[in-house]
Amino acid sequence: MLKKTAINKATELAAALMEKGTLIAPVKEDAGFNFREISDAKQVDLNFHNTIISPKSAFFPQTEDFVRYQTGKSILEATPVELNIKPAFLFGVRPCDVKSFEIMDIHFSGTGLVDPYWQKRREATTVFGYAFDLDKPAEAEEFYQTLGIGAADPEGSDIFMVKKDNDLLMKAITPRGEKLLTGLNIPSEASADDEKYFDDTVAAGRNFKTRSTCVDARATAKKFEDLFHNTDFWEKMSHACLSCGACTFVCPTCYCFDICDETLFSRGTRRRVWDACMFTDFTLEASGHNPRTKVYQRLRQKVCHKYSYHVRKYGVISCVGCGRCTRYCPVNIDIFSIVEEAVKA
Amino acid sequence: MSSNNPYIPMPVEISKIIDEVDTHDIKTFRFTFLNKEDGENFKYLPGQFAELSIYGKGESPIGIASSPTEPGYVEFTVQRAGTILPGLVTAALHDMDEGGKIGLRGPLGHSWPVEFLEKKNIVVVGGGFAFTTLRSLINYMLHQDNRSRFGDITVIYGARTPGLLLYKDELAGWGKRDDIKTVITVDKGDETWKGRQGFVPAVCKEVAPSPNNTVAVICGPPVMIKFTLPVFFELGFSKENILTSLEMRMKCGIGKCGRCNVGYKYVCSDGPVFSLAQLEELPRDFW
Amino acid sequence: MSFEPKILGIACNWCTYTGADLAGTTRLQYPQNLRVVRVMCSSRINPSFIFRAFQLGADGVLVGGCHPGDCHYNTGNLYARRRLAVTKKILEFSGMEPGRFRVEWISASEGNKFAEVVTEFTKQIKNLGPQTQFKISQ
Amino acid sequence: MAISFKQIEDKLKTEAKGLLETGKVSLVLAYGKGYDEKHPMPYVARRPSDADNIVFNEFCTHNMARYMVRYPAGTKMAVAVKAADSRAVIQLIQEEKVKREDLVLLGIPAYGMKNPKTGETIDSKTTCGLYNPVLYDVLLGEEVHGQPVVSPYDVLAQYEAMDKEARFAFWKKELDKCIRCYACRKACPMCYCDPCFIDQNKPKWGEKSPESAGNLMYHLTRFHHLAGRCIDCGECSRACPVNIPLYLFHKKVAKDCEDMFGQAAGMSVEDKPVLVNFRVDDSDKILE
């Protein structure tokens, strides 16, 4: 089913979604765009290229409360924080970020024990994908083409949106999307012309040019395995690295977290907080032993984890080429260049 | 751990505390489950670990020191830790008395492969206070129901000083049995020490049994493991028959938080037990 | 009910704390809003103590040390003077009312002064009302 | 007179090559190619041939003094320093983190540097506003004169004029954005503590989760730790992925320190940092 609405009526659409549940959509802030829970439909702003923080925060928020406890009282009195999850709509996710959800699904709910927080949020959320604007060239940092992701790939979204002049075409991709779109009376039916435009855009998206290099998951994984002991290579790649967490915090596929207890007087909360493998104390054991004390070891861990370990463990590269890590790196380290170098090496 | 949320610990009570060493910084804690069904569901094998959880302090992954053949409780031998940053959980635990209540999440990770060990001779090599899961394994194998499943058992255990040897009573007990050979060594003895002196790798070279149908199970501080693995390899043990347990900083214990990632493995959920053959497939990112 | 502020006092062992003792033994009356923490020297005060005190709900923080030149360790309070001056500026620029943080030199013999300062400071904090900016809400 | 970045780049290459060839230094901290022209990266040249990879253009804003403390004490190194960077080096010498005799400072006189992320020209608003390095061994180019001299503290006026409620609201809004990636402290040449106070667990100074309370504690304490040491290079603000104007607070503290103690950070190797120093005749007025 394909429907359409004028872009300047997006506010009405947002309001209609807000009646059905929580709406998470891009909001313009002074540093750039970010996905936020919407309290006023007017906040929704689709004039964005991509957000600073990836939409993973909709399912895996930076802080997640597990348990509330009181110190000095028995553990029996601690109460788990119940997940009170309402239907949610994640609106305006770029195709590369949609892809990241699938990669994260494998880790959080597809293998081993299931992470209940991720899974429940994921189940309750309808994802509205949104094609990149194909009239504008890709930004210098982006390289999703390398990873086989098109600029208008609808896969993974429940509803996929394409901008056509001043209209927003919305197509239901999954049964859930179909059901939602049927129930919404804001968008009107689209014409056959629109259908064609939608399909053409999807097709054009596949050939949309970003930075690109030949990356075969298995071969790249092997390449990085072989490169692991090449300290020269890693030192060369990492001499600018500051070991901050900017790249991992904006990344759509970084999932490392810390579990910490925060107590104020006698009341406290056990919560998980995003952590970064780039931090010095990430692997510091209580004994004082730390297997990754050097900058190059930590950068190597990050890159190899995405391009090698993840492939071997889960079969996919854990990177979607959104370019956020490059864009927000204080010293302009570019993961694409590292991969390119590695493939060449 | 709680049945529907792996991040929520089960409540347990400290039923017994044993002061193990003369420096008083290693104690064995015996826990009993406060909810009966938690205890019944807590099925483990030697080599697995659990997260000890104290609200307000945090969680620590500790190997289970008791054997599943001792039902009704679980034991952990815990050192008061912390050099660069103080270990909050172990300190809080050490300050607790019998009757104290804490949380437990587990059992986590893979055990020593007991089925693989069946019908084989076993040499157990331990160093320092990493002997805990080995004690679990030895007690498991020595149990009357299990002893016949395994071949000859040799235990090589080293500590820095005689006072730092763990489970002294049990060591003495094993020394009296004829179905297990026990070799105890210390780096440096004192005036009362009549046993062996020397580092574990050197002692292994001397007393290790023939590699024929024998598996070496090694656990100790990283530096000991690093030097002991090649000794067994040189003695002719195949890489599949040299087993060890890795340590790595952990948080979640269930392969989600990414902290203990080494190569394509998570030490918590894919390990902590690895054979030398498996280790060699991994990048050297753990020592 | 009238507002009874919580005031953290951080007092140096050798002068202000002894001064406070003297105020007590000479039975001088002063408000009971001050909770005193003793430190060995005013230069031992980490500025984070002060930030954290405000976060944990202190309505005011009073630091007491020896008069410059009288430090038991010769120069401790001379360092502290500079450091705490910076702390004050930082609090001010972050938007906190400047009156909530105060440093006073009170010697061991100045029981009177201690009582006066505490009385006056408490009055001042009462006028400012509860501190809500830094306080972590539970 | 416009700055010839190309000329500086050439001189930087020549100097670096010469120093590495003679073995006077074992490494040169300068700038290298990034993924495009506008995004150069900090670069370490170790061999004479590496010197060819050195670049310099208006986007080379990074403070190379940040990398000095990464190498073992006694490492002989050459460092490319712009005005603020040279002050950072001086400050690190004062703090005995590096020794003057181990360093060859390649001074770069420059103005019109641009923020690679926004393309904005960096001027006294976000940095110390100097054009010429304060300390150098070799000057790559000619000293800049005739450029307007603007006080780096002018930008503060509007914030100082705010009433305290508005200022608190301003900082609360800004600091609440913080995601605790710690890019600010890692980009800062003066932040070298290991472990940083915020990573300590006993005492636990502040919350690790990125919420108001922990953010306020982290940033206020960091501002304090940099009091009298911040050389106003502005790297913290440029590093910040969410654009918190940290430089404003640092400038304010630097200005207050200058007013109170009569000494700006990193201007002379003979100085002592103001907070590990005192004068008997410091006035009690500073506490009022």
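Note that the chains take the letters A, B, C and D in the order they are written out, and that residue 1 is the start of every chain.
Quick note on the criterion: contacts are C-beta pairs under 8 Å (C-beta built on N, C-alpha and C of every residue); 3 or more make two chains touch, one makes a residue touch a chain.
Quick caveat: nothing in here was measured; it's all calculated off a predicted structure.
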item: Greatest separation from chain D - chain, by CA centre; value: B
item: Rounded Å distance, chain C centre to chain D centre (Cα mean); value: 34
item: Gap in Å, rounded to a whole number, between the CA centres of chain D and chain A; value: 32
item: Centre-to-centre distance between chain B and chain A (centres being mean Cα positions), rounded to whole Å; value: 39
item: Chain B and chain D: spacing of chain centres that average the CA atoms, whole Å; value: 49
item: Per-residue multi-chain contacts in chain B, two or more chains; value: 84-86
item: Residues within chain D bordering two or more other chains; value: 195, 199
item: Chain A: positions in contact with at least two other chains; value: 258, 260, 281
item: Which chain pairs touch, all of them; value: A-B, A-C, A-D, B-D, C-D
item: Touch list for chain B against partner chain D, complex; value: 84-86, 88
item: Complex contacts: residues of chain C adjacent to chain D; value: 47-48, 51-52, 55, 68-69, 75, 78-79, 81-90, 92-98, 103, 105, 133-134, 136
item: Of chain A, residues touching chain D in the complex; value: 29-32, 52-53, 62-63, 140-141, 239-240, 242-246, 248-250, 258, 260, 262, 271, 273, 276, 279-281, 295, 326-328, 330-334, 336-337
item: Touching residues on chain D, where the partner in the complex is chain C; value: 159-160, 164-172, 197, 205-206, 212-213, 216-217, 220-221, 223-224, 227-228, 249, 252-253, 256-257, 260-261, 274-280, 282, 284, 286-287
item: Contact footprint of chain C on chain A as seen in their complex; value: 264-265, 267
